[in-house]
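The first chain written gets the first letter, and so on, giving A, B and C; residue counts start at 1 in each chain.
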Amino acid sequence: MDTHLPAYSPKAVKRAWLALAGALGLLAIGTTNGLFVAPPEHYMGDVYRILYIHVPTAWNAMLALTFAFFSALAFLWKNDWAWDARLEAFVETGVLLSLLLCVQGSIWAKPTWGVWWDWDPRLTTTAVMLVAFVGILALRHFVDDPRRRAVWSAVATIVAYASVPIVYFSVQWWNSLHQLQSSPKTVDAVMVTPLRINAFGMLLLLLAFSSLRSQLARRRLARELAPPPAAASLALGGEG
Amino acid sequence: MSENSFAIYARGLSKRYGRSWALAGVDLCVEAGRALVVAGRNGSGKSTLLRLLAGSLRPDQGELRIFGDERRKGRAALVAHAAFLYETLTGLENLQVVARFLHKPSGRADLEPLLDRVGLAKRGDDPVQSYSAGMRKRLSIARALLQDAPIVLLDEPYGQIDPPGFAWIDALIGQLRAQGKTVVLASHQVERLAGLCDRALLLESGRAVWSGSAAELPAAFARLEGQRRERMAG
Amino acid sequence: MNQVIAALRKELLLGWRGRAQAMAVIVFGSTLLLLLSFAVGPNATALRQLSGGFLWVSLLFASTLSLAESFRQEREQRALEGLLLLGAHPAALFYGKALANWLQLFVVGAALVPVMIVLYDPGLSGIGRLLGVLALGTAALSAPGTLHAGLAAQVRAQQVLLPLLLFPLMVPVLIASVRASSLLLLGDPMGQAASWALLLVACNGIFWPLCGLLFGYVIEE
């Protein structure tokens, strides 16, 4: 019936802590570079420097939700509990990064456009996905049976993720006054280097957090899925 | 006999609700055409076992085969505590819904004999919400008869039925057996069923504590009750 | 296919028996339409501008009631489980239910249109095409609505969970339906309503196959 019981792996935890250290190192280098080495931007001055953290957050938030989507598919396909642990980890880190992204977007929007919220398609899509995936975390919280929790949250994740492109396009059409997507090519090399360093730093951070979180989920699953205790001495004899 | 030649073959069958195990490591073999009675107190796992056999629950551990196949849905008819009925539809309409899903004739004339067989001929056009518990049970039995599956699972067949109806249930079990159905019953009525079944299984806290011939069930049940009294006293 | 028809017949029969419930949903939607105008104030121009949005927000809120109701009857005596035990195909049960919910939501929406016209006085010229948009929008609401209602019906906190899971997914449907409806009601000089309708078709194209595929996982035990 159920194929694999998830095992807690101390090795993976050790790797995760190493990745976390690497992530903090990279983020420190990238951010120092972004704040002090890169020149101020022509139009936005120093305000633009939030992009050094904002853009890597955006990429990795989307990446986390993409990983969650593939974990959901893999769980339904393989019936392997390890994918349920990963799904839980990626949904949580994805929600965390999306929340950070919305906060950073507001911080950027205020000095740039004078408002806290701009209906930019990327930011709005992130906000919609944030509430969608918070709903999935709530679903996981309300279901006690591990099998149902895993299957239902996988289903909800697949449907939510499949609607990302239509959310994005609908918001884009709805509000067609927005700036063009900035790609690293249009920006100076001195400005790009810290962005790249931070992007990898954030990726390592995402992988470290997700790995730690999924090990935690494995521990809980191992407890929930433990086999029944050995029989007490109830037997009455008989033919067996 | 190989495991695939049994109508029902289960090994180490376990089912968990939250943290507690409703059924833990039950082994079970029933040959085709035989009748098995599953006895035990409330909460001993009888209903869970029947729902697992019917396919409405998924085992958390263990192996379960119906005629050598892990596929369960559609192969056993279950009469359970929940009657599987739509409250706002009439008795006849409920049977029509079932008949349509089974691609069977669903006209009034096709289904009225069945309503008559379970003693609901006069109430077929009343909505189920106006039925008494006993009438719901009878309609639920009609539903299972309509399904005409090779295995029939009856959870507390005498429950909600008034005592004059007991003989009718006895006769029904006899008819099912005469048709060659494999019958599994969950019941407290150990004395009554000892004569109607071949085999018996006694459950206690989700575990099989005794199995043997149905004729010996009342004695085994009494022994279990005796042990329980001793434990309570000691 | 036979099973889809069997499931649809069952749903229509249940829906007809529960038509008092559908009436209550319409009354609830009308109440919402009335309440939303108090959020704006007695400004006829603003109300007319917002009429399309109010219609869809009311319909979306009212839909959670009828979607949840469609699974309450299934849960009462575990009737849906009973049908699965007969060997009924989950996808057939899903499409029967989603089609019936679509019909019911369309009827609710169509009943709210006159209320909206009376309250906000938008133009009457695009009413025919508005019903077309209503059909597309309620279809895109019905498929994921049925899936998530089936899921939420089995969870403790179902009243909270259904809108929490469903509404974020409905953002594109809401945007497209509101834009298309507003254009049809207030005038569509650029002929943009069609492209919004196309977006609704795309939503349906994604949701109907995907949700039918996933429904089996939701109702298996």
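Just so it is clear, contacts are C-beta pairs under 8 Å (C-beta built on N, C-alpha and C of every residue); 3 or more make two chains touch, one makes a residue touch a chain.
The structure presented is a predicted model; accordingly, all values stated were derived computationally and were not measured.
The chains that touch chain B as well as chain C are A. Counted by C-beta pairs in contact, the busier of A-C and A-B is A-C.
In this view the innermost chain, defined by its CA centroid being closest to the centroid of all protein CA atoms, is C.
Of all the chains, the one whose CA centre sits at the greatest distance from that of chain B is A. A separation of 40 Å divides the Cα centre of chain B from that of chain C. Inter-chain centre distance (chain A to chain C, centres taken as mean C-alpha positions): 31 Å. For this pair, chain A with chain B, the centres built from the Cα atoms lie 47 Å apart. Shared interface positions of chain C, defined as residues touching 2 or more other chains, are 220-221.
In chain B, 58 are the positions where the chain touches two or more neighbouring chains simultaneously. Here chain B touches chain C in the complex through residues 54-58, 73-78, 80, 82-89, 93, 97-98, 100-103, 127-128, 136, 143, 147, going by the rule given at the top.
Taken together, the chain C residues at the contact with chain A in this complex read 144, 147-148, 151, 154-157, 160-161, 164-165, 167-169, 171-172, 175-176, 179, 195-196, 199, 202-203, 206-207, 210-211, 214, 217-218, 220-221. Listed in rising order, the residues of chain A touching chain B in the complex are 1-2, 144-145, 147, 224-225, 227-229, 231-232, 234-240.
Taken together, the chain B residues at the contact with chain A in this complex read 14, 16-19, 21, 24-25, 58-63, 202, 204-207, 209-213, 216, 220, 223-224, 227. Residues 76, 128-129, 131-132, 134-136, 138-139, 142-143, 148, 151-152, 154-156, 158-160, 162-163, 166-167, 169-171, 173-174 of chain A are the ones that touch chain C when the two sit in their complex.
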